[in-house]
Structures are given as structure tokens and as C-alpha cells.
Amino acid sequence: MSDEKLQRGFKKLRELGSKSPAEDLKIFDFVPGFGQALVEYEFCDIYNRPGLDLKARQMVTIAGLTALGYAVNQLHVHVRMALKAGCTKLEIYETMIQMAPFAGFPAVINALKAAKEVIEALEKAS
Amino acid sequence: MSDEKLQRGFKKLRELGSKSPAEDLKIFDFVPGFGQALVEYEFCDIYNRPGLDLKARQMVTIAGLTALGYAVNQLHVHVRMALKAGCTKLEIYETMIQMAPFAGFPAVINALKAAKEVIEALEKAS
Amino acid sequence: MSDEKLQRGFKKLRELGSKSPAEDLKIFDFVPGFGQALVEYEFCDIYNRPGLDLKARQMVTIAGLTALGYAVNQLHVHVRMALKAGCTKLEIYETMIQMAPFAGFPAVINALKAAKEVIEALEKAS
Amino acid sequence: MSDEKLQRGFKKLRELGSKSPAEDLKIFDFVPGFGQALVEYEFCDIYNRPGLDLKARQMVTIAGLTALGYAVNQLHVHVRMALKAGCTKLEIYETMIQMAPFAGFPAVINALKAAKEVIEALEKAS
Amino acid sequence: MSDEKLQRGFKKLRELGSKSPAEDLKIFDFVPGFGQALVEYEFCDIYNRPGLDLKARQMVTIAGLTALGYAVNQLHVHVRMALKAGCTKLEIYETMIQMAPFAGFPAVINALKAAKEVIEALEKAS
Amino acid sequence: MSDEKLQRGFKKLRELGSKSPAEDLKIFDFVPGFGQALVEYEFCDIYNRPGLDLKARQMVTIAGLTALGYAVNQLHVHVRMALKAGCTKLEIYETMIQMAPFAGFPAVINALKAAKEVIEALEKAS
């Protein structure tokens, strides 16, 4: 049943630090069903595939979002999730820097700036 | 001395499977110095940074190249290097699939196709 | 005569909601002739081609701008034009969501956010 | 049940011209489950959303794939599907041309070339 | 009159090496009017703007096409035009290499390969 | 010795207007060694290559950053450097506008806006 996919997606989101995934999805209430499809596909179907643990999935996600160049908002979300999944600050920064030969400095520098903002905000809050 | 950087870059390229890095660079002889700068920067300065081991660097590189969408030639090279660095076939395929929610299916499907070609060629050769 | 192209472009811009296209172009006064070339090419030559009506042109424009990932400013302009050309809110949102399998969630979520801002501002103003 | 999603996705793929969607998915057998996740997400969850009919979804898909610039393989697939969904040749070409002011000529010219190849192959075969 | 724009565009194309621009445009006969709009906009309106001479325009065009990553076909055309406009081989290669810190090695290496193919073909033919 | 590369990079940065390059690099102190690698690679190895003078390198850099679409922050830095290297305002604006047929209006308009901000700030300050 499809609702099972949603619940498995929510479980993954809780592992990644969400206190209340159903609540978080309300930002997509203006496009009914989209948030649910996103969670079922990304956080159930994709994140539960074999071969990579949660930490490794967050590392490669940080890499891909950095390479895109324009995904700064999503880096804010996924850096936070990466820390929750067990990535260290160093691993996150180095993953971004490893992109420099392939995606160029503009993409990397914007990503590093986003990561630093998230990390400093979390350190200040703790 | 700069030549030390080049030698350290060549060492890294050998770890990644190159039999003769100096030989490999000859494809860039028409732009003198470019191959050397590439090796010193990418394979000495970046690849020798702390925080990520060689396998992890290849994983996030595969992720970034997949997200770019147009880097199919470079995926051929880096999938081969990733296998040498200890990545399994499954890890390479899953790293690419993890990009689907972020970079879309066209980028991922082209990357999977490139990886499959490299892997099948290596299996046939062995 | 070239000025005829400009007038036909202005006519199209008025259909898309501009009160005073000549006035709007003044933001490009620092690069003389650029605004005129843009209008003649985009809004006369391209928009007056056969095969797609104005509404369809705005739909596919929204799709393309979403897929680019970095064109958030232009989405603000073209969402407004799309509504004027007869697209419904639902059609605009769904066009963006249809991009998710091809361009990924970061591009789509940033586009949805831009569309929501434009639509809410218009609803508040009316 | 998840299998229901897969069946609904297959139904959509048949509407888009696939004779045997389950057979088509076998190209993804080397990454088990990926083809199924793709069909459930893209062709069930996204394609069955309200607001756009099948033809409109193909039009905006053509637009998005054109704007990406590197999705030539996917344009081959989706141009064929667009024709099946009721798009005319003219509508497909014009959708691509409408992208020129936003994504530039290289992306558009490569897309037009792909569309022409598909359309000529179909006309020769009929 | 619009035809004047077309003639001025053709003149520019001849300066860039085209023997018969009207003939060249026939590849776009399947999308009537598109080739003409392209020439009027790109080679009349843009190329005739002040501030950059023809050689400088070709240099920055090579840079932009390199940075896009997927514009290899267009690089074949514009490298040939750049040579005609007075760019040396060295200037073309160095323009591409200057993109490496900003757009990454995949984009640059694919561009260098395209330039080398064009240049070697011309040298063989002469 | 590697430090020689750093000093040569700093020299180039001073030519491009930096009062104190070592000081500027401190923004990268949270990722030790990255700023140094960037300077050695970009401003020593690449910028000191033959074939293009400093002004030409800045022109093609402006072109590439414009084409990327998302590199607005880097355009702020490099427009300033371009002016220092002898580019005129007109040359910078025209380089950006030359990208329009290849990368589309969204990329160009965002770049023009960034250039205008930098140039007006400098004119106000002088």
C-alpha cells in the first residue's frame, strides 16, 4: 500500500534529523500530493536501496548538489542531514572541495559558504 | 619544488590504476604545461587533502560527474579509477542512482550507461 | 523596417501584461540597443512563430526556465506573463512539477517557491 | 500496494506508445529496482497528477529536456512519446525553438536535430 | 526592412568564413524562418554591437561555449570561425584552458578535443 | 618550491587589484590549504600561461562565468578584476551580451545586473 512507502520515507527523514516529517511537508500544501510523491520516491525508494549506508548517501548527495551550482538552498537542508547521518564537518567540506577540479570554483565556493553557515548556526545553537 | 608536486600527483594516479602517468599525459602535448598543471592541482593538491580516503574521493567524484550531465567521457575514466580505489560495482551504480532526485533521470541514465560500458569491458578483459 | 519588429514585440509584451513596454525597457538603457534586440528577437520573431498559441508558449517557457535551475528572477517575470496569457495557477505549478523527473528537485522546488511568491503577491494586490 | 503504482505507470507508458513496458524496463536489470522506482515515480505519481493532460505533459517535457542541453538521448525517447500523445511535428519543433531566448542556440539546435532524426525515422518506417 | 538585417547577418557570416550563408541556412529548412531569425539576431544585432571587434567576439564565444559543457557541436563551428576572425590556435586553446578554474576539467577537456579536431582537419586540408 | 607558486599567484592577484592577497585568503581559513591551492593553480599556473594577456584572460573569464548562469558572486569579483586589468565598462557589458545567443537571456541579464552593481559602486566610491 502506498501509505507504507510514505511511512518508510518519514522514518528515513527522522533518521536524518526531522522531528516531524509530516509537519515539514506542509510547505508543499499548495501543490497537493507533491510532498508525498517526493518522500515516497526520494526517501523511501531511493534512500532505502542497497549498497550505500545513510552516511555515504549524504556524502554523495552533498557532492551532486555542489556540482549543480545553483542548489544552495538544498545544500542548507542536506548539510544538516549529513551531519545527522554521521558525516563530520571535515568530510562535508572536503567533499565539496573534491568537486573543484570537475565543477569549478564558483560552484564549490558557494557550497562551502552554505555549509559554513549551517555548521556555525548549529554550533551557536548548541 | 614544483616537480615534487608532479611526482606526488603521478603517485596518486598510479594508485588509481595508471601504469604510466607521464605517458598518459602525452595526450595534452598540444597544450604544453596543461597536463602538468592538471596533475599537480587535481591529483596532488586536491586528492592529498585530509578527511576523505581515496575510495571516498572517487565516490563523490562519480556523484559530481553524474550531476553535471555532460561529463560522460570523464565518467569512463573515473569509474575505472573508482574500481581501482576499492569501490564495488554496486557502490558506483548506487552513487549514480542517488543523484536521480537531485539531477534528474537524463543525467543518471547516461551515467549508468557509461559505468556499465566500463564495467563490462573490464569483466570481458579479465 | 526594423522598427516594425520592435512595435510587434511591444504588442506581444502588452498581451503578456506590460502596461508600457517601452518604459520597461529603460532598465537596459546602460547597454543601448540590447533591450530593443531582445524584444525584436524574443517577442517579435520567436513569439510570433506558428504552431503554439501564447498560452502554450508561456507553459513551455515556464518548463524551460525551471529546468535551467538558476533562472529564478526570470520565473518571476514569466509566471506573471503566463497568468496573463491564460495559464491557471494549477497549470503553472504542474508544469514545474513535471520537470522533477528530468531536472531534479532543487530546480523544481526553487521554481515552485518563485511561482508561489508571484501568485500570492497578485492575489493580495487584487 | 506498490505493485498498483507500477501497473498504473505501465498503463501510462502504453498510452505513450510502449508495446511492452515491462520488457522495456529490462535495460535496467543491472540495477535491480531502479526501473520500477522510475516508473512508479515518473509515470504513475507525476504523470497522473491533475492540471495537465498527457499532450501538455509531453510538450513541457520536451521544453525542459531541450533547456538541459545534454539530454539528447532522452529527447529521442520523449519526442516519440510526444507524437504518440498527440503533439504535432510543428508543436514539437516550436517548443524547442521557444527555448532559444532562454537556453541559447546550442541547446536548441541539438534538440531540433534529435527531433528531426526521430520524426524522419518514423516517417520512413510508416 | 527586415531583409536588411538578414543581409547584414550574411555579411558577418562571410567575414567568419562562410562561402554561402544562404546555402548554409538550408539545414534549417524544416523549421521555416528559424535560420533567418537566428542570423538576424545573432549575426546582425549582436555581432554588430560596439565595443568588441570580431576577433574578441569569437574569443569570448569560445569561452562561453566551453563553460556550457555540452556545446561541442557548436565549438566545432565557432573554432573554425575564430580562426577566420584572426584568433591563433594558441589563443583558442588558452581561452579554453582559462575556463578550467571556473567550469572544471570535463568541460575544458571536451572543448580542447573539439578544437584539436577542427584545427588538425584544417591543417590536413591546407 | 611550492611557496614560489603561491608568491607568483599573489603577484597576479595584486595586478588584479588585491591590496593584500594573503589577507583576502583568510576567508578560507576554515578549510586549511584550499585558498593556497586555489591561488597556486588558478592565479599562478593558469593565469601565467602564454597566449593571452591579463586583460584577455579577464574578458574570457567574464564570458565563462556569464554562461554558467549561477556564478553571480564570482562575477562581482571578476568584473572588478577585469576593470583593473584594463577592460572598459563597454567591453565587460558587451562580453556578457555576446553570450545571449549561446547561453540565453536569463544568464546574461543576471550577469549584466551584477556588473552594473559593481561598476556603480566603484563610480560612487571614486
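Letters are used for the chains, namely A, B, C, D, E and F, taken in the order the chains are written, and counting of residues starts over at 1 for each.
What we mean here is this: a residue touches a chain if its C-beta (ideal position, glycine included) is under 8 Å from a C-beta of that chain, and two chains touch if they have at least 3 such contacts.
Predicted, not measured: the structure shown is a model, and the values here were computed from it.
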item	value
Intersection of contact partners for chain D and chain E	A, B, C, F
Fewest hops from chain C to chain D - one hop per pair of touching chains	1
For chain A paired with chain D, centre-to-centre distance based on mean C-alpha positions, whole Å	28
Centre-to-centre distance between chain C and chain B (centres being mean Cα positions), rounded to whole Å	40
Computed distance of Cα centres, chain F from chain C, in Å	31
Junction residues of chain D - those touching two or more other chains	34, 38, 41-42, 46, 49, 65, 68-71, 74, 93-94, 97, 100-106
Chain F residues touching chain E - in the complex, by the definition given at the top	38, 41-42, 46, 49-52, 56-57, 59-68, 71, 74, 88, 90-91, 93-95, 97-103
In the complex, chain B residues that touch chain E	28, 30-31, 34, 38, 42, 65, 68-71, 73-74
Touch list for chain E against partner chain A, complex	100-106
Residues of chain D defined as touching chain A within the complex	1-2, 4-5, 33-34, 37, 40-41, 45-46, 49
Contact set on chain F toward chain C in their complex	69-70, 93-94, 97, 100, 104-107, 109-110, 112, 116
